[in-house]
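A, B and C label the chains in the order they appear, each numbered from 1.
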């Protein structure tokens, strides 16, 4: 039972995804794809980690997200991946092979014995960006979301903190 | 019974919000947060005002929106606030304390005896803006929409003129 | 029975619209509004055309979309227009009269005896673009989507490949 939680910036998507995990019992893995590039970011990440509380253990996975899902599944009862968009951004900036990583991610998800909840940004509802890298990112993000939506049992779109079901896991 | 009407640019959100107010009886307050910065804008505001017809009285509130809601509630049977996004933009450009104003707005809404219909833009469904002020505005707009959605009984997302219920007041 | 399929970039809207047409029997017209400006684009258009298979015949209509709908209706059992946003962009860049063309399009749709499925981008869910032409395009795209949504029997919003019904043709 995997869930994809989509939403815009500051839509409440991470909070919704976290609440879905906390509704399950047992140990929870927070797979973080964000990298701390400066002090402000480091502080913010530390604050968020403290906010999550005792049931959560954080696993950093800026690039090897499939590996982090596999290793987390050995001890966690549910896994939250926050978020796919930052992961894609890391891959793109590092010049990684996106199709290869996406295929590895799909394999990791399919063979995962515990539920995985993915957070991802919807980034394509604006005019075409002028910047070529931004256009490529937008395309890749759209394709990744489509693939993950096909792979997940349930897909939720969060707007202003309110969830809307796009695909019903029932 | 308060309503939040969300939507993108030219989505028909204001028209929908206005129709919701006009379905109620009595006097209607149109609380306008737009400021006329040039002749074109002045003409457009005047045209919109004439279009709204006799039941509406316009109250300008580029900054003190909580005050405008309180004073309008003394004579109006329903209040339309159009829109929260421009209000936030005014606050940000004037260097106002956004948390303080948002808290005042929440107080005004909670103590308001007549229905208030808010119009607001959803602005977070694109790639991260390059401009730092734009990023801050996008974050603040997302948080404001979340707070207002929590405070309102009904939340509607308008796309291409078509309303979709995100939170049902019933 | 006309359908409007809305969605962001890489949302799967074209694929959904194509599947809706292929669910119908008979000959299918693919009315393409894209113009090949370079070799890469030419290759991509040729590849897409080959992918669509034998039931489809492609009609190019970068500007005279109403004319292409009328002429396609003479032989096709269903018409796919992909997409309105590129058509609007072509009109804007060529300095054409958008209101006139939109009115002609509405006439062509109303008098069309076979189903027409339109694909269009939702482009207004971000912060205001800095570029004046981008702002104008965004406004025009929003208005066009509203008009087409009013004209169509069914309106679908596609997110991450998943359709959501905004207006139900039933």
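Operating definition for what follows: contacts are C-beta pairs under 8 Å (C-beta built on N, C-alpha and C of every residue); 3 or more make two chains touch, one makes a residue touch a chain.
Note that the structure is predicted; figures quoted are calculated from it, not measured.
Visitor: Through what angle, to the nearest 5 degrees, does subunit B rotate to match subunit C on its C-alpha atoms?
Guide: Result for this pair is 120 degrees.
Visitor: When subunit A meets its copy subunit B, do both sides use mostly the same residue numbers (more than half shared) or mostly different ones?
Guide: Under half of the interface numbering overlaps between copies: different.
Visitor: Provide the C-alpha centroid distance between subunit A and subunit B, rounded to the nearest whole angstrom.
Guide: That pair's centroid distance is 32 Å.
Visitor: Among all residues of subunit B, which ones touch two or more of the remaining chains?
Guide: 8, 122-126, 138, 141, 164
Visitor: Within the complex, which stretch of subunit A touches subunit B?
Guide: Within the complex, subunit A contacts subunit B at residues 7-12, 122-126, 129, 131, 134, 137-138, 141, 159-162, 164.
Visitor: Contact residues on subunit A for subunit C in the complex?
Guide: Contact set of subunit A toward subunit C: 4, 6, 8, 122-128, 130, 138-139, 141-143, 145-146, 148-150, 155, 157, 164, 166-167.
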